[in-house]
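I have placed the structure first, in the form of structure tokens, so that the comments after it can refer back to it.
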Amino acid sequence: MRRRLAPVRKKKVGAAPGTLVHIGEKKGEKARITLISYGPERLEEGALRSPSEARETGAGGVSWLNLDGLHDVPLIEAFGKKYGLHPLVLEDILNTGGRPKLEDYGDYLFLVAKMLFHDEEAGEIRTEQVSFVLGSGYVLSFQEEAGDVFNGVRERLRSGKGRIRRMGPDYLAYALLDAIVDSYFVILEKIGDQLERMEDELIVEATPESLQKIHAFKREMILLRKSVWPLREVLAALQRDETPLVTEATGVFLRDVYDHTIQVVDTVETFRDLIGGLLDLYLSSISNRMNEVMKVLTIIATIFIPLTFLAGIYGMNFEHIPELKWRWGYAAFWLAVVVLGGAMFGFFRRKKWL
Amino acid sequence: MRRRLAPVRKKKVGAAPGTLVHIGEKKGEKARITLISYGPERLEEGALRSPSEARETGAGGVSWLNLDGLHDVPLIEAFGKKYGLHPLVLEDILNTGGRPKLEDYGDYLFLVAKMLFHDEEAGEIRTEQVSFVLGSGYVLSFQEEAGDVFNGVRERLRSGKGRIRRMGPDYLAYALLDAIVDSYFVILEKIGDQLERMEDELIVEATPESLQKIHAFKREMILLRKSVWPLREVLAALQRDETPLVTEATGVFLRDVYDHTIQVVDTVETFRDLIGGLLDLYLSSISNRMNEVMKVLTIIATIFIPLTFLAGIYGMNFEHIPELKWRWGYAAFWLAVVVLGGAMFGFFRRKKWL
Amino acid sequence: MRRRLAPVRKKKVGAAPGTLVHIGEKKGEKARITLISYGPERLEEGALRSPSEARETGAGGVSWLNLDGLHDVPLIEAFGKKYGLHPLVLEDILNTGGRPKLEDYGDYLFLVAKMLFHDEEAGEIRTEQVSFVLGSGYVLSFQEEAGDVFNGVRERLRSGKGRIRRMGPDYLAYALLDAIVDSYFVILEKIGDQLERMEDELIVEATPESLQKIHAFKREMILLRKSVWPLREVLAALQRDETPLVTEATGVFLRDVYDHTIQVVDTVETFRDLIGGLLDLYLSSISNRMNEVMKVLTIIATIFIPLTFLAGIYGMNFEHIPELKWRWGYAAFWLAVVVLGGAMFGFFRRKKWL
Amino acid sequence: MRRRLAPVRKKKVGAAPGTLVHIGEKKGEKARITLISYGPERLEEGALRSPSEARETGAGGVSWLNLDGLHDVPLIEAFGKKYGLHPLVLEDILNTGGRPKLEDYGDYLFLVAKMLFHDEEAGEIRTEQVSFVLGSGYVLSFQEEAGDVFNGVRERLRSGKGRIRRMGPDYLAYALLDAIVDSYFVILEKIGDQLERMEDELIVEATPESLQKIHAFKREMILLRKSVWPLREVLAALQRDETPLVTEATGVFLRDVYDHTIQVVDTVETFRDLIGGLLDLYLSSISNRMNEVMKVLTIIATIFIPLTFLAGIYGMNFEHIPELKWRWGYAAFWLAVVVLGGAMFGFFRRKKWL
Amino acid sequence: MRRRLAPVRKKKVGAAPGTLVHIGEKKGEKARITLISYGPERLEEGALRSPSEARETGAGGVSWLNLDGLHDVPLIEAFGKKYGLHPLVLEDILNTGGRPKLEDYGDYLFLVAKMLFHDEEAGEIRTEQVSFVLGSGYVLSFQEEAGDVFNGVRERLRSGKGRIRRMGPDYLAYALLDAIVDSYFVILEKIGDQLERMEDELIVEATPESLQKIHAFKREMILLRKSVWPLREVLAALQRDETPLVTEATGVFLRDVYDHTIQVVDTVETFRDLIGGLLDLYLSSISNRMNEVMKVLTIIATIFIPLTFLAGIYGMNFEHIPELKWRWGYAAFWLAVVVLGGAMFGFFRRKKWL
């Protein structure tokens, strides 16, 4: 199914803000909470039935709770209760049609981003919303369904290599955002390749299907841009705003991921420009085709209409048409045909129509 | 009737500012004032004949006076007198062609917004202006006619659930604005669905009516944007400006509704882009159709004009046309016709016109 | 005569700044100064021969000197002398091709605005520049010719109703500006109506004249925008800048007129968008017409060219054409014509050309 | 020769900054220095061979050194030495492909502007760069060749009228800039007239040459804009920046010339919009022409192709065509022709093709 | 090979930030480090095998280490170790698909820029990334492969002329950036010349290849802009930011190179505008051609179709066609042909089709 153009709102019109209703297709699968709790020297992994099962991590420890599946509203409420989240945060977690954003609630930061997947079957890009809550000692992540781009991060946590286990929850949040932005590059590369192929096709031959493809590209770009553009602002705010939840050591990494986001935004804009160029190529190709059709018609008509007139003349039944009685009349007629045809041919050559 | 493009000004050119004249179609119905007065523990509802009937609410109580119908100018003046409103505020309440705005008059805030309804019969969007006055202990709302999107808010007030009864008039104003913005999503969803249907139609077949529909969409977007865009600024100002009338507790909710407004603005812009794409689809579809017409013409002409010339030759009355006397002349003519026709057919195949 | 596109500069290239030369068509009429001097309790009206005749108004009194006709340069100089105006101010008053602007000269504010009139005869909008000098206790207004939009203000002054007589010269300046902005709405309404009529016309039938009309609209909008856009900045500066010449009481009224200017600017932008849409409608209408012409041509040619070929065959003079001798040959020919024609008709039906 | 699109850089790639190379066509004429030294009561004029000949002016005196011709690099270096100019300033003076700019070097201001001339012969606008150095007690001006727009300023200096002799070097610099901006209005007026003529032509008849003219206009505007747009910023900075070199008394005059620059920029933008409209007019005019051609073709073909078929029928040689033997057969044929032709005529009338 | 549209990301999705992987085509050549160490009085040049071989320069001395070839990852790591570079810096050096940027790491500045080369063979612009690290007493530069635009700088260092040897590493960094920006002008000049040639070609004759060339130009501009635009911000930041690494003496030079970057950006924008104009020229040229084809067709058809009808009439076999028996019938027929043809000719003349 094609992605919907209009965002679906999170609650019934006029319902109280903070009313929790899950918007989206309910999956049959059960919602699943996984916990990774780690410190410089240790790592525990496990599945929880409820957020309340998560124990306090000692000083310097970090807990990462990840929820796959948003249809289990009471579970979300349990998260809200355990971590003291504002009702509007819970509402935004459930509303998967939201816009990437960052909100500072003092005790915790709330962050919404979009994962992008290339759906090979449907041949289009799919979006999945991920919400993060970054608090003191913990990161919560909420995904619509199982399957994400965080396996690299998990691997690094497990192996204990690099700096990830030595740093705080803000670095973990950064690492997750970085993984999301990295995955955008994969998507962009794919689209870039498709655009180039399209360009080559258009130069060879434009078909009515070409326009539909160009239109689909344009649509894709419009929607991609909607996911990426606000993320830029989110990351800029994350760097700029002073919050004790983000340490200076992480700041330089945030600058890096911000940089990548700008690169993504840039590329999306470049693609939009290029798609505009493809449309010009297409329209011009169509118009060239039309021109060629008209030329064929004109050449045929211009050569044969006068000749047919000539034949018509000698098909007339006037009693006194002296040419008809000439011995070489018929041969002279053919001569005239050849001369006239040759003249036309020369004319078309000069006009560069042949 | 179509909505007017130009705003109608509120007074005769050169009349004194603050001259109260109702601009708009006067409804036969009587203007109606309803009062909801509530506190954490109590709620009274009633209809008033005049704003002066509203009693003082005690400390912590909130009065919400809603007026349906703006044609009763003396009633508006009574409101002005009772709540000490500036003449320009009254003028703006009556001028239903205004622009969403926020004005801080010190003792009260004046706010203009637009409700949008989808008029199923006319198949277009209708706008209704709502003006709010948020003062200490009261909210006044002024609507052009009966019927609004506030029933959810009324229900919440009556049931006493949620935080609405425990909070002040600023929260009530927020709740009303939120209900308005929520209703925009309903409109956007409808338009989004129509756009998608249009897109599918255009890919199958473009008719001259398609353009009119696209033009109507464009017009709708232009006017929708005019209602929504300034509201964004209004809500940004409401958050940013420091006024004792808006408490901090309400601030976070205002941020939320501001967020939704941005989402609406975003979607309107996206729709504008998509409508631009539809126009391209339409124009290209028309041009493809033309191309096809030209091809049919060219094929027919290219095949038959030369053949007609051939027939014309043997219709000539020269005395010495040897072919006419051949036994197999007629058969040879048909052979030539078949060969020539086949060559043309091959030519068109190669050109991919067939 | 059409308005000129390029502004005419106020002095000879290289002449000293402050050289006073009236640029514009000199009217035969004599320049006329009218004085309205008023206080809360009194009003005097009269015509002066020279600004020097204006007596000092006592405390709280306001003098409004209005000059109709700028060709009398010595008179302008007399104003400059009497009120201590900077030579550049006098230059700007005379240069009727200027841009709306606000300049603070300390002792007085200098303000340029444009009145717009709908010239019924020429069917286009005419611009007239009005310059204001707002000083302590006086307002000077300079107009190109007699006839303005200030009669409402004069009436209010004379009647003494409302607050105008009780307030200072800043309020008078506001009232004059408000009258000007009000008159823009009249123009916009007229243009809006014309645009709607145009739209309806285009849907029914586009003529080559339509494009000229659309072009004229576009031109009008470009020039209208040039008058209105800078006025917005002028009014924003008037509100924002701190000058003792503008009292706080007048500030709220300035906010109101600023608001109206934004509304005018908004509407002009909306009209520009709509005119862009009209062009699309026009072009598409033209292209639909072309399509229809091509269809007629193709139908006729496709039906009759093959049939003519058939007739041509049996017009040949081969000695052995067996069909010619058949008893029902001619009838069979007609049968073939009907069958072929019917097949074509079916083909066109399927293509939806008929 | 057409102006070059790309700027020519001032030195060999990689050469040291401050390497002085004159870029531009070397004129055969010798470079010429003229000095005007003045105070309130006196004026001396003369030609110098070298800037070192200029004597110190006493307190309150101003020296204006003008150089015509930039190909004499040692002379430029002599200026640099005498007035202590930074090597980059000298480089910028010689690089005539630069952009209008203002640089504050503490002791002096460096300013680049563009004079525009309408080259009657080539029918296009020519640019000449002028650089100014405004120091304490002196103004230096550097021009590519003899001939400028400063004669008015010289005249005013000589005559001693107005305030120019009583004010400092900053006022002189202003007067020179004002003369340059004034000359832009002359150019704009010419272009405006040409645009209007073009518009009238296009409404009457579009030729392929029209497009080339429109394209030339567009090109002119793009290049004009490049000269004018940065000047606006230069003048804004000159007003805004606090430098002891610019006195307050001159400030109000700078505001005036800034104002004029905005007016020029505005007009250039307006012209760009109008040129866009001309292109629409042109394209539509072409398309109308095509439409007319198609109509003529269709009318002729639609009338005569069926009639030719009819004539073809009665040219057939079937033995049994009863109509051929009718006494009134031929007359009936003509009747059919007239009736059919009349029907076609009616059809075209209804379609409004005739 | 055409440049890729999408940036290639620097690491596997989800890999740890700071993971060093060289992205780009690995060259067979060995990476090469060259060192230029200089002071006001001395200069040493040499090739190093490892950055650790570089000795400390005394006070006032500057070391410039240049690396050609990024595929030797351990070498990059050695640089990182020796100069204490942040892992993200190393990552960015290796990621040649990055965006020009400036990052202040306290002890050193990290700067990314793009060199542009015109690849004569492929007829397109090639990009090479150069990264700079500016520290106290040293400049590091990292290039993808041998060959750069810095030979001028090296020459100046060796000759000891000018101020380069007397100034610090910040001036060296400026000199290198200046050389890069200078090389942009060479590219722009080439493109400018090509655009002008294209323009002349289009006015004479547009071919389908023209559009492909225009499209290639547009593509080039889009990609060029991506390289240049962010450099502007980099240089603005370099001027604006206060860092002890950039001295005031160098500041004025940075302003100069910033100025040149703006000029480059301006020119790129101008070229984009001009390319838009070329597309209009092309489309209109195509449409003019089509018009001409249609005119030829219409002239031929309009002249001969009626004449053929006439000939058809007298080819009919009615028994009673009186004209056929007239003595001058055939001559009269020819007269009619000439008169009709002449009338048509006159008609076309009037329509200006001939």
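General remarks:
Chains here go by letter, A, B, C, D and E, matching the order in which they are written, and residues are numbered from 1 within each.
The definition used in the following text is that a residue touches a chain if its C-beta (ideal position, glycine included) is under 8 Å from a C-beta of that chain, and two chains touch if they have at least 3 such contacts.
All of these numbers come straight from a predicted model, not from anything done at the bench.
Rounded to a multiple of 5, the Cα-based rotation taking chain B onto chain D is 145 degrees. Where chain A touches chain B, under half of the residue numbers in use are shared by the two copies, so each contributes mostly different positions. With centres defined as mean CA coordinates, chain E is found 26 Å away from chain A. The distance from the centre of chain A to the centre of chain D, with each centre set as the mean of the Cα atoms, comes to 42 Å.
Under the contact definition stated at the top, the residues of chain A that touch 2 or more other chains are 287, 290, 294, 297, 301, 305, 308, 312, 315-317, 321.
A ring topology is adopted by the chain contact network, closed into one cycle in which each chain touches exactly two others.
Within the complex formed with chain A, the residues of chain E that make contact are 2, 4-9, 11-18, 86, 88, 92, 98-99, 101, 103, 105, 208, 211-212, 215, 218-219, 222-223, 226, 279, 282-283, 286-287, 289-290, 292-294, 296-297, 300-301, 304-305, 307-308, 311-312, 314-317, 321, 323-325, 327, 329-330, 333. Chain C meets chain B in the complex at residues 149-153, 155-156, 161-164, 175, 178-179, 182-183, 185-186, 188-189, 191-193, 195-196, 199, 203, 252-253, 255-256, 259-260, 262-263, 266-267, 270-271, 273-274, 277, 280-281, 284, 287-288, 290-291, 294-295, 297-298, 301-302, 305-306, 308-309, 312-313, 315-322, 351, 353.
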